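Letters A, B, C, D, E and F mark the chains in the order given here, with residues in each chain numbered from 1 onward.
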């Protein structure tokens, strides 16, 4: 089982290495979308710092969501998903391995770049550790929940938009607590409660996703 | 066609298997068992249901009526379908590596040897997207030499292969069955091996859904 | 009857448009749903009958 | 091929048979139609013409008799959909998947009605059609959930696969509804002084709450009615050719 | 030539009719993304009305962008793009027909729903006509410019993100003028200048796209 | 193999056509002309470059060395490749409608007739995604009967067809050439028509990139 998961992880990392754009793309998307806001709203620090937390979280969510679309789709289209499912191991191993690589490649870079983004949007410096920690707890949840949608739309045409529809409603709590935690930190309020909630949601996603995505893949 | 009573010596068998798509019964009351050394050639005209049957045997298509049973849970099965399951960006060797990894373990040397067997030496480090249709199929087939699986389910494995390729492949099929494996394959071309048993799907074609509820007995 | 006149019933002291449009929406959308379900079923019935004729 | 952990009771098995559902549902259908019509007409006429106006909100209060049933049903239907889906997955009952699918359109309709009537109600009471209040927001999210299930259902052409996919999404969605509701409430109270609370008066006179009871019951009847019609339609579609159906008097016309 | 374009338009509309979700999806995406902002930022009318114009325009841009991804990709994957290009007509006919259907199906519905969205974000009522007009002039530009990117990423894996990177920079002026026009209208200022600029950009896109996307397709 | 001097009577001809992929020369100094009534069977082992050649002839793959020339600009060409160019969601008839619309005009009656000719009557209103591999190929081939094109470029058109299908198709090829059309096709199976001319790509295989700079003369 471990061997099976390692095989998948190795393969997916190799694929990323062969096409590094896949790794950089969500990151640049994240940065670009955020860069649109000062253009569309107003370049003033007073306004931007008010909306910063929300904008960062929404952008992170969109970047995760869009890169999730292909999580299983490419494997489905070339027939390798069939082969993965035929292997004599439970399908949740497959799901967890793929989600892990996805997060490593699309979620982690977001977290690492977030301090710079925060600066661009005039988020107070003392809120940055909270921002990073909340992203660290929140982005795996986004990847996990998103994997359910990705599994459901595998093999369906025009999946990208559909995935959004399926999954965005499920993301609502993560967005709310993620953004609120950062906003609270910016105002110098305690954030322990938020972090506990984000962690609880991560655990919840870890429990539900392997089953839901696993069974969706086998449809 | 053996009855399901001799079940335990079989690699697998079907009992009263049927399939219906879009209100048309493709086949029904299909009882056949596959033993070590069998080489089944599934025939039938376009749309007869050959692909569907192979996918049911592999467990990739849901079985609603009847059963497909593998008495020994550990029986290893390889399915090579219309879609080859290769990652286009990876090289031939890397593809073999992960495909073989699904069922066990292989060394680089073994993978090179398998690729040589299918006539692809020199192409080991080419990305699969740079291979021709026939060469891709050869990569997919190389897996058969690498994983030690008892049952091979092959959907039109001669597609895109040149004539030498087809001759070679029949040779592999021969060796596999002689070594105690079993092959179930579809093809519109004839197979020139003595041990071939033909399963003509047209003999099992049903006409209406009503048939599915009947017990036993094959319809014509 | 709570209202004195039909006019009073219609205007509801200025809240008429809100109340009537709400009730209208409720009835219209539910009827639409039942109607759609029924038409769906009639279609299926016709198809099933056609199936018999074909065989 | 996995064995169910739970044994299925006998009557359950029977209910899973398309034939049984088709016949029994067919005999129930007219009763629900009559009940729905009678209860709703009674309740709505009572609510519109006879119930007293609210001392604070005046006549706009009458919207409650359609708003609250719709809001209640929007949630019940989703729960029903998830339960049906779970039953289908656990016991592999095709009819259960069909029931789950039948829930989508009617549930989305009730949610839309709740949102629209709520928005209309908001104008005279709050002076705005929309505010980002907790209950409103979570109803909106519920509508999105329905939209997702609906879109997924449309996108998958194979009926059986669509049924199972719907079930999975409905189950995941249902587990999430309380979380969404809680988080939204929490979020809102954090930012906004609770200026707009939905007025729930426990001590309503009977003249005020009895019509509500009638419309709520009537709405449930509409729900069941639509489920019956749609599920029977799906049975007709998928069972074309089955012997029992081919000899059924609905089809032979005898 | 007209016959050729009509054939394509008929085919694409038929495809949409066969899968109506494709039409509703960009719309729902638009609404969903916008609904996330109050959750992430704040439910207060005073803040929301300030950011409304920018948020609506950024969401419209994202919705267009994401639905553009598949403009040529699906045709490429199933080989029908080859057949379309082999037809004895210039490739700009193909581009214009496909963009027209795309706008009809994804842009127009956005415009029609925008008044409701504006209300939810507390945009002043008198700014709504400007919002709709600016979207009417702007979304075709977005579709046209996006088509260039879509043509370039045809046949490339993981196109969605890549497309964003290519095209977002081109969208910047549209976003700026579109959002500014609405903001100006909200403050009761004249918007003729903005509209003229948006119209000019539309003309520019109409001139450049058929050539650029047409040649990109033939690569 | 005629020289390029007889150009004006040809439907098209190549002059010194060559192709190199990944520093390997697939073929070079390819001079052949296609006249009305010709039926060329391009042969070669897997990876020889058959698909690449057909795509160069169709104008779908860039020609860097040599030329492909159609003397008459109005010559109509149909290319059916590995990818069939069908929209899976549309029905067989709708697909034919738009495909035929690219080159002209067709009535619904004609489309039904074309589908009947390829043995798909009864499947006209089925979405293509619900067809089997062979049935899909038949839909793509139905186009040949609908559009009046002089030149047919077919890449392995027998793939997935059952035996009756292959016999039928050879019949169509025969009729098309007799009626003054031309067919250039690849296949690993033999064609049993008298007028077949074989072009064996292995005779034009170059060995190294250097060959491309040489003028004329085919290398072995």
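Rule of thumb we're sticking to: a contact is a pair of C-beta atoms (placed from the backbone, for glycine too) under 8 Å apart; a residue touches a chain by one contact, two chains touch by 3 or more.
Computed from a predicted structure; not experimentally measured.
Compared with subunit C, the chain whose C-alpha mean position is the greatest distance off is F. Of all residue numbers used at the contact between subunit A and subunit E, over half are used by both chains, marking a mostly same-residue interface.
Between the Cα centres of subunit B and subunit F there is a gap of 30 Å.
For this pair, subunit D with subunit F, the centres built from the Cα atoms lie 56 Å apart.
In whole angstrom, the spacing between the mean C-alpha positions of subunit A and subunit E is 25. Shown for subunit E are the residues that touch two or more other chains, namely 19, 21, 25, 28, 32, 39, 42, 77, 157. Taken residue by residue, subunit C touches two or more other chains at 51, 55, whereas all remaining positions touch fewer. Multi-chain contact residues, meaning those touching two or more other chains, occur in subunit D at positions 141, 144, 147, 151, 155, 184, 187, 240-241, 246. Here subunit D touches subunit E in the complex through residues 129-133, 137, 140-141, 144, 147, 151, 154-155, 184, 187-188, 191-192, going by the rule given at the top. Residue ranges of subunit D in contact with subunit C, taken from their complex: 44, 48-53, 58-60, 62-63, 66-67, 70, 102, 105-106, 109, 112-113, 116-117, 120-121, 123-124, 222, 225-226, 229-230, 232-234, 236-237, 240-241, 245-246, 250-252. Across the interface of their complex, subunit D is touched by residues 19-21, 24-25, 28, 32, 35, 38-39, 42-45, 48, 119-120 of subunit E. For subunit A in complex with subunit D, the residues that touch the partner chain are 148, 152-153, 156-158, 162, 165-170, 172-173, 176-177, 180, 197, 201, 204, 208, 212, 215-216, 219. By the touch criterion given at the top, residues 3-4, 7-8, 10-11, 14-15, 18-19, 77-80, 82-88 of subunit A touch subunit B in their complex.
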